[in-house]
C-alpha cells in the first residue's frame, strides 16, 4: 500500500500506458469513470444474457428425448447459471452490486442479447442454439479473452472453454439427428431456418451504426468491429452447414474468391430493431419469468438473511459478548 | 292463501298424511324441522358430489385420445355442473343458501361422495367411472325419483335420465377398448380393479351401522337400505362385467341360486373409514381445488355484483329517480 | 384442393386450440354458471374443429380423418394463430382473449357463408349462431370486469395489454388465405380489420376502458402461427393433447 | 433376476422422477446459487437413474436400454413412490420433499453398499457421496426457512404438513423389496424407519419446527406408487417427459 497520491493526469498516463503495453487493468488500479461504467454495463449485459439465455434451453430439459441428451442439456444450462454468477462477480470488482443489476434487468433498464427473445420450438432448436448461437457467442468472446480488464479477461477464458464444449455438443446432436429419420432432418432444417438470421444479428448493428465501437476498441474492451466478427462467423459456419447437410436460408450466400470470404444477403434490421425495442416474440415472457423468479424468491432470500442474523446473535451470546 | 293458522299437531298430521298417501311435500308446505334439515344436508351432499365429481373426469378432457371421446366427456362434465346447479336450487327451496353450502364444502364441514377421493389414472378410468360409479349412483338415485319432497324428486328424474345416458356411454367406451389392443384391455382391467371396491362402498356402511336409515325411510327420503341397494348393484353389474370380458377383483364373488343373488366378499371398511375421515388418496386435493377455484374467483363475482349495482344506479338516474 | 385442405386446417386448428384452453378451465371457473358456459363454448368450438378437419380430409382425398390431424401432426404443422394458444393465467385474460378471438372469427364466418365451397358455407352458417353467443358472453364479462370494482378494472386492463400484441397477427394474410379469398372460398383476414376494430371499440367503451396502444408481437422472419411458428407454450399444449393417443398409436377409441 | 430388474427400476424411477421435478425448477429458483445447486442435484439423480436402468436392462437380459424404460413405459409401469412425483408449488415444499426423500434414499443406499449384487453395491457407494450432499442442502434450507422470518416459518410448516402424509408410504415394503432384502441384495424399507425418523427429528428441531402429526395418505386397496398406483399429477409428468420421444418413436438422438 502506497501513501503517495499521484495526480489525475499521472494516473491517466499510467492507465493509458498499461493499455498500450497490452497489460491488464486490475480492480485496485485507477481507471477512468467511462472505462469503469462501460465495462460494468457490458459485463452486466453479458451476465444477464447468460441468465436469460438459460430459459430457451431450459424449456426442453424435461422433454429431452433421451436421458443422455437430458443430462447434457441440464449440465449446459447449469454452466450458464455458473457463467452468470462468475460475470456478476466480475462486475462487483468494479463496484457494482448484483442485486441492483438484477433490478435493472427485470425492470427492462438493462438489456441482454436479443437472440434469446426468439422461441425454442423443437428439440432441434437445442442443437441449433449450440451450433449457431454459441458459435456466434464464441466469435464475439474469444477476442475478449485479451480484454484489458483482468477479471473480465480471465472470466472469458473460462467461459469460452465451456462454450466451445457446448458448441461441439450442439453440433453433434444435429449430426445425429441428420443421420436419423426424415422427421428429424426436417426439424433440424426448420430450426436452422429460424435461427440463422437472428444469429447474424447477434453481432450488433453494422459498423456505420455502432457509435461506441471506436472508444471500446481504444480501451481494448472490444477487439474487432461488428462486421468483422460477423464475417468471421459466416466464414466459419458455412462449411459446417454443408457438412451437416442443411441449407442456410439465404439465397445470396456464396463464396467470393476475390474477397476470400462468403458474401451474404441483407439483414432485416427492421426485425432486429423491433426485437431490441421489446417487441420480439419472447421479450415480455423472458423478462416476466426472470422477474417472477426473483420476486417470488424474495421471501426465501429474506428468510436466509434473517436466519443468518439469528445464528450470528446466538454465536455472540455463546461467546459471552451478549453478557454486557 | 289461507288466513287461518292451524296448530302444530294439525300440521304434523297433515304432513304425515301426505307422506302416507305417497304424495309430495312442496316448498310452501309445512314440514318438521328434522325433515327439512335432513333434506338440506342430503341434497347439499348430492350437489357437492356432482361438483367435486367433475374433477376426476375433467382430469382427462384435455388428454382424451379422440375428438369424439373428448366431446362426450366434456358434455358429461358439463352436465354434472348442471346437476349441481339444479340440486343447489332444490336446497334453496328449503331455505338454504348456495354460497353458504359452498362454504361448508370447502371448509370440510359437509361431505361429498367418498368415491371421488380416488384418482383417475388412465383414460379407461373415464369409462369405468361411467360404468361403475354412475351405475351405483343410478341404483341409489332411481328410488329417489319417488322421494317425498317434490323439488328433489323432480330433480332426480331429470338427473337419473342423464346419468343413464352417461352410464351407457361409459360402458360403450369400455366395450370399444376391450375390442382394441392388449394395452387397452390391460388398462380397462386395471381401472376395474381400482374402482370396483370403492363403488361398493358408495352405498354407505352396512345397515347395522347406519342409524339414520329408519327415520329417512319413514320420511320417504330414502326408499331402500344400503345393503339392499348394494346387492341390487352387484346383481346388475356382474353380467355386465362378463359381457365386457373383465374380471371383478373379488375371489368370493359367485352366484347364489338359493338367495337368487350374487354373494360377494367382505368390504374393507377400514379403507372406507380412512377415506371418509379425509385420508383418501385425493381428499385434500379435491377440496383444495374447489376452494382455490371459489376463492380465486371471488374478485370476479364481486366485479359482477359491483357492475350490476352501477347499472341499476344508472337505470334509476335515467328514470329520474335520482332527481330527488 | 390442397389450398382448401390447408385452409380448413387453419380454421380447425384455431377452434381446437381455443377449445383446449377453455377445457383447461373446467373445474377452475369462478362460478358454476361459468363452468357451464365455458364448457359450452369449448364444445361448440370442438364441434367446429371436427367439421373442418373432416372437410380437410375430404379435400385432401387421402384417408386422414379428424383424429389424424388432431393427434398425429407435430406442433409446426398446426396453423392456428398464436392468440389461440396463449395460456390463460386468469379470468380477465380468458375473456380478453375470447372477445378478440370470437369477434374475429364471427366476422370471418359471416364472410364465409357466401363461400363457393358449400361445405364451408354450411359450417360457417351453423358456426355464426354459436360464435355470436360466445362473443356476447365474452363482451359481457369484459364489461363487467372493466366497469366492476377498481381491482377487476385493473386486472382487465392488464389482460388487454397482454393480449393485444397478438391482435395484429389475426389480420395478416397468409398466401393460402389470399388464394382462397381470391377463389371466393374463404375470406381475406386483412379485410376484417375495420369491422373488428369497431366491435372492440364499442365493447371497450362500454367497459369504460381504452383499446391498448401496444406494438404488435413480432414473429420469426415475418412468420407466425399460420406458418407453424408458435409460442413456447404451444409445445406443452400439443404434448398434453396428444399424450394418450401417441402412447397407444395402434388403438381405436 | 426378474426381481432384481424390478427392484432396480423402482430405485431408478424414484431418482428420475425427483430429478424431473427439480428440472422444472430450472430458471425459477429464488437465487442463482440455488439454480446451480438444484441443477446439480437433478443431474446426480439423473445419473443414478441411468445406472439403475442399465442394471435393470442387464438383469432382464433383453434388449431394453435406459431410454426404453424412461420413455416407453406407461404411467402404471413406473414404480416410484408418490412422494417423488408431487408437484412443487413453492420452495418450502421443494426442500421439505427433498429432505424426506434424500434422508430415506441415503439410508437405503447405505444399506445397499453391502448388496450381494456388486453393481448395485457400486452404484450405492457412488450415490452415498452425492445424496449426503443433497440431504445437507435440503436440511440447511429447512432450517433457514423454519428459523427464518415468521412468514417463511409458516410456509415451511404448511409444506411439511402437506408432504408428511406421503412419508409413511416410503417405509411400506413391496413384495419385491422384501424378497430382495431377504436375498441380501436390497434393503427392507421398513427397517429404515427409525433411522430416518431420528434425522427428521434432529433437522426439524434445528428448524424450531415439529414433526407434523398427520395421518398417512391412503392408496387404492393398499396399493400406491410402488404398485404403479400414483397421483393424478403423475400422468402429466409422464406425458411431458415422453412427449418428444413418443412423437418420434423411430428416432435416435
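In order of appearance the chains are A, B, C and D, and numbering begins at 1 in each one.
The rule we apply is simple: a contact is a pair of C-beta atoms (placed from the backbone, for glycine too) under 8 Å apart; a residue touches a chain by one contact, two chains touch by 3 or more.
Just so it is clear, the structure is predicted and the values come from calculations on it, not from any experiment.
J.: A-C or A-D: which has the larger count of contacting C-beta pairs?
T.: Of the two interfaces, A-C and A-D, more C-beta pairs touch across A-D.
J.: Could you work out how far the Cα centre of chain C sits from that of chain D, in whole Å?
T.: Chain centroid spacing, chain C to chain D, equals 41 Å.
J.: Any idea how many Å lie between the Cα centroids of chain A and chain D?
T.: Whole-Å distance between the two chain centres: 35.
J.: Quick one: report the Å distance separating chain A from chain B, using the average Cα coordinate of each chain.
T.: So the centroids are 58 Å from each other.
J.: Touching two or more other chains, which residues of chain C qualify?
T.: Touching at least two other chains: 74, 235, 239-240, 243.
J.: Residues touching two or more other chains, restricted to chain A: which are they?
T.: 63, 183
J.: May I ask you to sort the chain touch graph into line, ring, star, complete or other?
T.: Looks like something else, not a line, ring, star or complete graph.
J.: How do the chains pair up in terms of touching? List each pair.
T.: Applying the touch rule to all chain pairs gives A-C, A-D, B-C, B-D, C-D.
J.: Mind pulling up the chain A residues that touch chain C in the complex?
T.: 56, 59, 63, 118-122, 183, 190, 193-194, 197-198, 249, 268, 271, 274-275, 277-282, 284-285
J.: Note which residues of chain D are touching chain C in the complex, please.
T.: Contact set of chain D toward chain C: 74, 235-236, 238-240, 242-243, 246-247, 249.
J.: Within the complex, which stretch of chain C touches chain B?
T.: 16, 20, 23-24, 26-36, 39-40, 42-43, 46-47, 49-50, 53, 66-67, 70-71, 91, 143-145, 147-149, 151-152, 155, 240-241, 243-245, 248, 250-253
J.: Applying the document's contact rule, which stretches of chain C touch chain A when the two form their complex?
T.: Residue list for chain C touching chain A: 74-76, 162, 165, 215-222, 229-232, 234-235, 239.
J.: So in the complex, the part of chain B that touches chain C is made up of which residues?
T.: Contacts found on chain B: 51, 54-55, 58, 61-71, 74-75, 77-78, 81-82, 84-85, 88, 123, 173, 176-177, 180-181, 183-184, 289-290, 292-294, 296-304, 306-307, 310.
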